[in-house]
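The following blocks contain the structures, represented as C-alpha cells.
In what follows, subunit A forms one complex with subunit B and a second complex with subunit C.
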Partner chain A sequence: MINFNLMYMLILIPIVLIVSGALAILHRKKESAFIVQVVLLIMNLIFAVLFFVTGGQTIAFSIFTIYSFSALFIGLFSLLFLLIVILTYKHSMKFNYISLLISMVYFGAIAVSTSTSLIITIIGIEMVSIGSIFMVLFEKRDSVEAAIKLFILSGSAIAILTVALALIIPYDSTFTIAAIISSGPLNYILLFSLLLFGIGLLFEVGAFPFNLWIPDIYEEVQGNITAMLSGINKKVAFVAIIIIFGIVFVRYWYIFSEFFSIIAILTMFFGNIMALIQTNIKRMFAYSAISQSGYILIGIASASQFGFEASIFQIIAHSFMIIGTFAIIMLLEFRNIKTLNDYSGLMYRNGFIGFSLTIFILSMIGIPGLMGFYGKFLLFASAINANIVILAIIGLINSIISVYYYGRTIAAIFKPSNKNKIFIDKYSYFVILVALSLIIVFGIYPTPLIIASQLASSSLLLL
Partner chain B sequence: MIIAIVLFPMLIATLLILLFKNETVVKLSATLGSIASLLLSIYIAIFNRNVLEQYKWFNLISYSFGISLATYSLNIILLLLVAIMTPIIVIYSIGYFKGKSYGTRRFYIEMLIFASAMMLFAISENLITIFIAWEILGITSYMLIGFWYDKEEAQEAARKSITTIVIGDILFLSAIIIIFATLGTTEISGLINTTNKSVLYLPMILIMIAAFTKSAQFPFNEWLADAMEAPTPVSAFLHSSTMVKAGVFLIALLLPIYESLGLNYIFVVIGVITAIIAVTNALSEHHIKRILAYSTMEDLALMFIALGLFNIFAAMLLFIVQTFYKALLFMNSGVMMNANNDNSDIYKIHGLLDNKIILITTIIGVISLAGIIPFGSFFAKSMIGISSSSIILYFILLVIELLSSTYIFRWMFIPLKNKSTSKVRYNKYKNTSRLMIAPIIITAILALLAPITMLFLEGLFGTYNIFGNMFAYVIDSIIIAIGILVAYVFFMRGSKIKISKNNILYKAAYNSRLINKFYGIFGNTFVYLSEFFNTIDYSILKTFQSSGMYIYKFGMRTKKIVNGNVNDYYTVALIGFIFLIIIFSFVVFGVF
Partner chain C sequence: MIYIILILFAMLAAGIALVPISPRALCRRTALIFSGVVFAIILHMIFNLLVYNILPYSESLAYIPELNTRVLFTVTPISMILMLMTSIISIAALLSIRPILERERGLSFLIMLFQLSSIGLFLSYNLLLFFMFWEMGIITVFMLINIFGSSESNNASMRFLMYSIVSSSLLLLGIILIYLYTPAHSLNIDTIIANSATIPYTIGSVIFAIMFTAFMIKIPLFPFHSWVGSAYAEAPTSGSVVISGILSKYGLYGIFMLFVMFNTTQSMRISILIIAAISAFYSVFVAIKSRDIKVLLAYTGIVESAIILIGITSGNATGYYGAIYGMFAYGLSIALLFLAAGTIEQMYGSRSVDNIKAIVKNSASTAYAFIFGVFAATGLPLTGIFIADILIFTSGFESFGILALIPIATIMIIAAYLYRIISKSVLNSKEPTLAIRGLESDRIFAYIIIIAAIIFIGVFPSIMLSIFSAS
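This part shows the complex of A and B:
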C-alpha cells in the first residue's frame, strides 16, 4: 500500500491536468476546460505554498523529490502558468488544444523542478520543448518557420543532453545526480558529460552562441506564447542547471565557474548590444531577455549558496516582468503597434498600459524600490563575494548599456500624443495587474522572497 | 503594525480617489478617511503610548534595513496635531474649491499623501523611515505649491521651494550614510545612547542644515514666503502642522545629541537672525498671506531658539499653540480673499465687518499670535525669554515680541479700517460656504483652548514653574500692549499709514531684498560652476557617445549573423560548441 502523503498532490494535480486537457480536446466549449485548469493550478499553488511553509523532504512515487527548492518552483510555475492560461484563454482560437499542451509543459516543468534523477530532468525538458513547439505551431497559422526553428533548437539540446546521459551509464545506472559526486577522484568522462549537460541546457536557456534563432522565434510567435517561452521555458532550463550543477559544484566549482562566467559575459554583451539596434519592440525585449539570462548566469557562475540564492531571486523576478511585458506587447501587436515609433504616446493612449510597461522596464533596469533591483544587487554581490569581481563590473557595464534602449522606450511611451485611445480586455488587465503588483509589492518589501530563495538554495545544497 | 494603522485610512481614501472620478466620492472619501485616521490617532494616543515597534524591512548580505515606529510623547504630540488638522483642512478645502472647478481630484490625492507622509514622519523612530517621509513631504509640497501650474508665479515658487528643500534632502541623506557607515544603526535611541559621540559631529551639523531648509530658517527662509502661491488650504496646512514643523520636530527628537555635542548655540544664532528678518519683512509686506508666512518663520525661529536653550517645554508649547492660530488666520485670509475677488493686498481688502463670525475668529487668531495674556503664544514666548541666560538675548526677544504684536495687529487693522459699501461683497461674505465657516469655528475654539495643553506638557518634559514668573509676565504684557498701541496709532486711528517706498528702512526690509540678492549671487556661482562642469561633462559625454557609436556599429555588424537563416545560426552554434569544449579541456587540464 502506498503511504499517501498530502504532498503527493503536487505531482498528482499536473497529471490530472493532462487528463483534463486530453478530455478538453473532445469537448467543444472552452469555458469548462479553462475553469478546470484555473482551479487545479490554484490548488497546486496553495499546496506548494503549504509545503514550502512546513518544509521537509518527501519522495513521491520514488522518482520525484519534493523539498523546499522544488516547492518554491512548483509554486512559481503554477502562478506563471495561471497567468499564461488566462492570457491564452482570451486570445487563442483553439484554447482546447492549447490547454492540453499547456498541461504537458506544466508537467514537464514540475518534473524538472522535482527531479533528482537526470533522466527525469531530460524527460521534463523534452516535454516542455515538445509542448511549446506544438503551441507555437497551433497558435498562429503562419508560424511554421518559428516552430521549425524552435524544433531545431530543442532537438539539438535534447541530442546533446542524451549523449551526456549516455556517458554516465557506465558509472551510475540509477542516473541520480547525487551519485556523480560519490564517484572516485576527478573523472574526465563524467566531467565531459557534465559539460555536455551544461551546453545542452544553455541551448534551452538561450545563452550565446546558442541563441541566435531565439529572437526570430519570439518575434513571429503570438505574444502569450512568447511570454511562456521566455517566462517559463527558459526558467525551467535554469532550474535544471541549478539542480544539476548546484549539487556537483561542491566538487567541481572551480572548473564550471569559469565556464559559466565566459558564457555569462558573452550572453550579456550579445543581448544588450543587439537590443540596442532594434526598432521592433518585441525583438528588443527578446534580446533584453537574453541579456537577463546572462545576468542570471552570473549567480550560477558564482557557484555558492549565495550565488544560487541570487539566481533564484532573479529567475522569479524576471519571469513576472517578462510575462507582464509580453502580455502588453501582444495586446499592442493586435492593434498593429510594433515599432518604437508606434509606441510613442502610449501613456496618453492607455494610462494603465503605459504605466505598467514603464514599471516593468524600470524593474529590468534595476531601479531601487522594484523587484529587479534586489535581483541585480544580489547577483553582483554574489559575484563579488565569490571573488569574480570582473563579472560584477561587466554586469554593471551591461546595465549601463541597457539603460540606453530601455530609456529610449520609456521616452517614447511618455511622448505627448493625441492618437486615439486603446482599450484592453479584463483578462489581460488581470494578468498585467498581477505581474505589476507583485513587482511593486516585492520591490517595497522583498524580505519574504529573499528568505524563500535562501531556504530554497540551502535545501538544494543539503540534498 | 499597530501604530502604522493610522496611515491606512488616508491611503485607502487616496486609492478610492484614484479609482473613482465621481466628485462626491472624492470629497466623501477624503473627509471620511481623514476623520478615521483622526479617530485611530486618538485611540493610539490613549491606549498605545510609549510603545516602540521595530520591524526588519529587508536584509541584503550584511546590511539590514529596519523600520521602527514609536509613540513617545513627542511623536504623539505631532501625530495628534496632524490628525486634528487634516480633516479640518479637508473640509475647509471642499468649501474653498467650490466654484474653482479644476484639479480638485488631484488636490485631494496630493493632500492626503502629504498628510499621511507627515503622520509617518510623526511616528517614525528611525532615520531611514524619517527620510522616506521627509522625501514624500518634499515632493508633495512641491506639487501642492505649484498646484496652479499655469500661473507663472506658482511655477517659480514651486521651483524655489524644491531647490531649497533638495539641498536639505541631500545633506540629510549624506548624514544618514555617514551615521550608518560609522555606527551601523539608524535608530534614534541608538544614536542617543551611543558612546562614540565624536563621529556624530559632522552628520549632526548636516541634519541641522537639512532641518533649516525644511523649517525655512536663515538662509533658507525665502521659499516659505513664495510658497503663498499655493491654494489657501495648502498654506494653512503647510504652515500649521505639517512640513515646516518637520525640521523643528527632527531637531527636538535629536536634541539630546546636540546637547552633548554642544551645538545648541547655532540654533539660537540662526533663530534670532531669522526672527529679525521675518519680523521686519512682515512689517513692510502688503500681501495678506505673506505676512502670515513671515510670522510662521518667526514662530519657527522662536522654536529653534527655545530648543537651543534646551527649553523643550516652551518649544513644544509654541509648537502646539502655533498650529491652531496659524491655521485659523490662514483660513480666515482665504475667506477674505475669496470675498475680494482673490485680491491679496491688505490695503485693498474690505469689509471684514460684514461677517461677524469671520471677524471674531480673526480677532481670536490675532490675539493668540500676538500673545496677549493668557491667550495663545504668550506663555511659550515669555518662557523662552526667561530661559535665556544673557540679557542681550532677552532684550532681542522682547523687541521681536513687540514687533510681532505690531505687525499682526497691522494685518488686522488695515482691512478692518477699509469700510465696504459694496453689496456684492457683502453677499459674498454672508454666503461664505458653511464648509468653510465650520472648520474656522472649530479651529478658533481649539486655538482658544490650546494653551491649556501646557498643564499636560509639564508632566512630560520636566517641571516648569508656570506661575512663578509673574514679573516677566508683566513685562511681556506691557511690551505687547505697546506693540498693539503702536499698531493702533499708526494703522487704525487717523489715516492708515503707507510707508513710503523710498524709505531706506522699507527698502531694507521689504521682500528680504538682501537675502534674495544673496540667493542671486549664490545661484550665479553655481551657474558658473555648473558651466565649468558642463564642459567636463560634455567631453565625458563625447567619449561615451563615440564608444556608444562603436558599440552600435558593432551591433550592426553582429546583426549580419542574425539574418533568419538557420544554417548560419547553426554554424555559429557549432563553432561555439567546439570552442567551449576546447576551453573546457584547457581548464580541466590546467592550462589556464
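This part shows the complex of A and C:
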C-alpha cells in the first residue's frame, strides 16, 4: 500500500510545484510561493527516503519508474533544490519567476532519474537546460552574454542527443531503456549513436572539449544560480550518463570505458591546470568544479557496479560541497570580495564563513574525515579494480596539483587582518550550515551513504 | 582499564574543545592541564605494563563494514613509547609559548590538535584510520607554519604542503592497492600481517616501494629533503619543537609498520641501508655549510632519522629495539635543540650562526640546554641516545657486516660542527651580542622536562627494555 501512495506522490508533487510556480507569477508577494515550494520539497524528500528504505519498484503513469536508484536521486535533488530555493528567496529580485523555473528544472531532474524511456530522459535534460537558460537570463548582472553561451551549449547538446536518439531506432524502436543486444560485429551506426550520446551528455556535464564556456557562464551569473548550475545540472547529466551507459550500452562497456577514460584524463588536467592561474576565486572554483566532474567520470569509465557506486557517492558528496562553496562566494561577491587578496583575513571577518569555506576546500582536497575523501577513495579503488590503473594514478596527480590552489586559498583565509566584519543573513547561514554538517557527519560516518550507493547501483543493473 | 584509550582521546578532545572558548589568559593553562592529564594516563599505562604485565588494550568498534574497516586501536610497546615522547614534547612546546607576544590561543589549539593526531596515529592499527590521522597532522602543521610562522612562512608552508600531499597521495595509492589485493579486502593491520604471504610477490614489492617512497618524503630522506630547511626554520618556536620531534617520527613509524607487515629480503634491506647512508652524508655536508642555526639543526635531524632507519632495516630484534629507543631518544634531543634554537631566535631576533655570540651571558639556561642537547645528539653516555646508538650499530653490524658502521662517521662530523658552534657562539664570552628581549621563567621548565627524560632513559635503560620484552 505504501508504495502505491508514495509513488504517485513523488510524481504529483513536482506537477503541483509547476502549477504553484505558474500561479506565483501572478502574485506580487513572494512569501506564499516560497512556503509552498519549501513544504512540497520537504514532503518529496521524506517520501523519497521512505521509498528508498522500504525498497520495491513501481511505475507511475506508465512512464516514470521508481526504484532504489531513482528514489535516491529524487531525495538528493529535493534536498539540493531546497537549499537553492532558500538561497534564491533571499537574494533574488524576481523570485516568482525563478520559482516557476526551479519547478521546471526540478521536474526535469526527476524525469531523468525515473525515466524508463530514452525519450523521457532527453526531455528531462531539455527541461533542465531550458529552465536554466531562463534563470541565467533573469539573474544576469550586466549583459546577456552568459545566457547566450548557455543557450548555444545546451542547444548543441540537445541537438546531438536527438540525433543519437534517432540513430538507435534500428536497434530499439520503442526507445525503452533496456540493454541493446545486436548480433554480429559492432555496427557503425550503433557506435556512432553511443558516441553521440556520450558527446551530448558530456556537453551538459562539462567535460573537456565542451566546457570552454562553462567558467565564463559561472562567473557572469549570480552565485546562487552558479550553485544550481554546478550542483544540479551537472549531476542530472551524470544520472543520465549512468542510466544510458549503465543499462542501454552495457554490452559495449569496453568501448565507452576507453572513451570516458580519455575524456576524464583530459578534463581533470584541464580543470586543475587552468585553476592554478586564476585570480578570480569564483572562476577558480568553476575550473575546480570541472576537474571534480573529471573525477566522477573515472568511476563511470570503470564500467563496473563498483565504479557506478563510487560515482554515485561522489555525485552526492560533490553536490553539497559545491553548493556550499558557491553560496559563500555569492555572499562575498555582494560585498565585492572577489580576488585572492580580498579573501585574505576571512577567518577574522566572519569565523563561520572562514571555517566552512576551509572545510569545503579540505573536503575537495580529499582529507579523510570529510565526505570528499571517501568519494575519491572509492573512485580510485574502482579504477584499479577495473584494471585501469593509469586513471587512478592520474587522479592522484591531479589531486596533488589541486592542493596548490586550494592551499593558497586556505592560507589567505587565515591571514590576520583588520578589515571590517562581515555579517550574513540567517537564510544563507542555514544553507551553508546544512551543507557543512552533512559533509562533516557523513565524512566521519559514511556507512549510510555507502550502503545507499551500493543499493542504488545494484538496483540499476538489475533493471 | 579497558576503556583507557577512550579516556585518553576524551581528555585530548576536551583540551581541544576548551582552548578556543576559554578566556585568553587561561587557554595556555587549560591546554597544559589536559596535556598533563594525558601524560599521567600514559605513565599509568606503562606502569601497568611493567608491574602487572597487562598489555595490549585493543579497542575495536565497527566503522565501515562495506570497506571492511574497523576503528581499531592497539597499544603496542612502540606505540606506548612514542606516545610518551609525544606527550613530553607537547608539554614542553606548550610551556614555550610566550603568553603576550604570540597568539597563544591559536598556537595552543594547533599543538593540542597535533598531539591528538600523533597519539591517534601511533595507536591506530587500521590503515584507513592511520591515513586519517596522518592527514590531520599534515593540515595542522601546515596551519602552524603558515599562520604562526615568521615572515617567509608562506613559501615554506606551501612547499611543505606540496611535498606532504605527494607523500600522502602515494600512501593512499598503497593503501588502495593493499585493500584490493589482500584476499579478505581488509585494512586492519593484524589481518594484513596474518595474510601477508598471500599477496603475490610482484604486487607486494610494488606496494612496498610505493609506501616506502611515501614515508621517505615525510622523514625526509635524501632526494626529497628540500622542504625541511625552510619549513623548520620559518616555523614558530613551539611549532618547530613539535614538528622536529614528532613529525619526522611519523615517517619512521610508518616504515617500521611496513617492515612488520611485509617480509623483506636482504637485498631490499641493503638498498635501504644505502639510501640511509647517502642521506646521512649528504645532510651532514649541507649542514656544515649553512649559516642558519635552525636549518643546520634540521639537517642534523635528517642524519638522526637516517641512523634510526639503519636500526629498522637491520631486521633483527636488536635493531627494532634500537630503532624504537632511538626514536624516543633522538626525538627528545632534537626537540631540545630546537627549543634552545628557537629561544635564541626570540632573544636575538636573528638565526645566523656568525652574528650571535656569548649566549651564556644573556640566558644561562638556554646556553646549558643547548650544550646538553649537543651532548645528547652526539651520543654521550648517560643520555639515552648512547644506548640507542649501541643497539642500532650492533644490529647493523650483525646484519650487514662492517660496512654498516660507516655512518658512525656522520655522528662524528655532527659532533664536530656542533661543538664548534658551542665554542664560537654559546660560550665565547669575548664580545657578547645584545639580546633584544628577555624570557619568561616558564622556559626553564620546558628544558628541565626534556633533559630529565633524556637522562632518565639514559641512566635506567632497563625500564625501556623491559617494556619491549614484556610484550
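Here is the rule we use: the second predicted complex is superposed on the first by the 445 of 463 C-alpha atoms of A that agree within 3 Å, B and C clash if a C-alpha of one lies under 4 Å from a C-alpha of the other, contacts with A are read in each partner's own complex, and residues count from 1 in each chain.
Here is the rule we go by: a residue touches a chain if its C-beta (ideal position, glycine included) is under 8 Å from a C-beta of that chain, and two chains touch if they have at least 3 such contacts.
In this text the structure is predicted, and so the values were computed from the model without any measurement.
Once the two complexes are overlaid on the shared chain, A:393 sits against subunit C while remaining clear of subunit B. Look at A:340: by the touch rule set out above, it reaches neither subunit B nor subunit C. Once the two complexes are overlaid on the shared chain, A:367 sits against subunit C while remaining clear of subunit B. Once the two complexes are overlaid on the shared chain, A:447 sits against subunit B and subunit C alike. In the superposition on chain A, contact of A:408 is made with subunit C only, not with subunit B. In the superposed model, A:377 makes contact with both subunit B and subunit C.
Contacts of A:12 after superposition: neither subunit B nor subunit C is touched. By the document's definition of touching, of the two partners only subunit B reaches A:213; subunit C does not. By the document's definition of touching, neither partner reaches A:424: not subunit B, not subunit C. 377, 381, 385, 404, 445-447, 450 are the residues of subunit A that lie in the contact sets of both subunit B and subunit C, per the superposition on chain A.
The residues of subunit A lying in touch with subunit B in their complex are 148-149, 152, 156, 188, 191, 195, 199, 203, 208-210, 212-213, 215-216, 255, 258-259, 262-263, 270, 273-274, 276-277, 374, 377-378, 381, 385, 401, 404, 445-447, 450. The part of subunit B that touches subunit A in the complex is made up of residues 56-61, 548, 551-552, 554-556, 558-559, 561-562, 564, 566, 568-570, 572-573, 575-577, 580-581, 583-584, 587-588, 592. Those residues of subunit C whose C-beta lies close enough to touch subunit A in the complex are 63-67, 128, 131-132, 135-136, 139, 142-143, 146-147, 154, 157-158, 161-162, 165-166, 169-170, 172-173, 176-177, 179-180. The touching residues of subunit A, counted against subunit C in their complex, run 362, 365, 367-369, 377, 380-381, 384-385, 392-393, 396-397, 399-400, 403-404, 407-408, 410-411, 414-416, 445-447, 450-451, 454.
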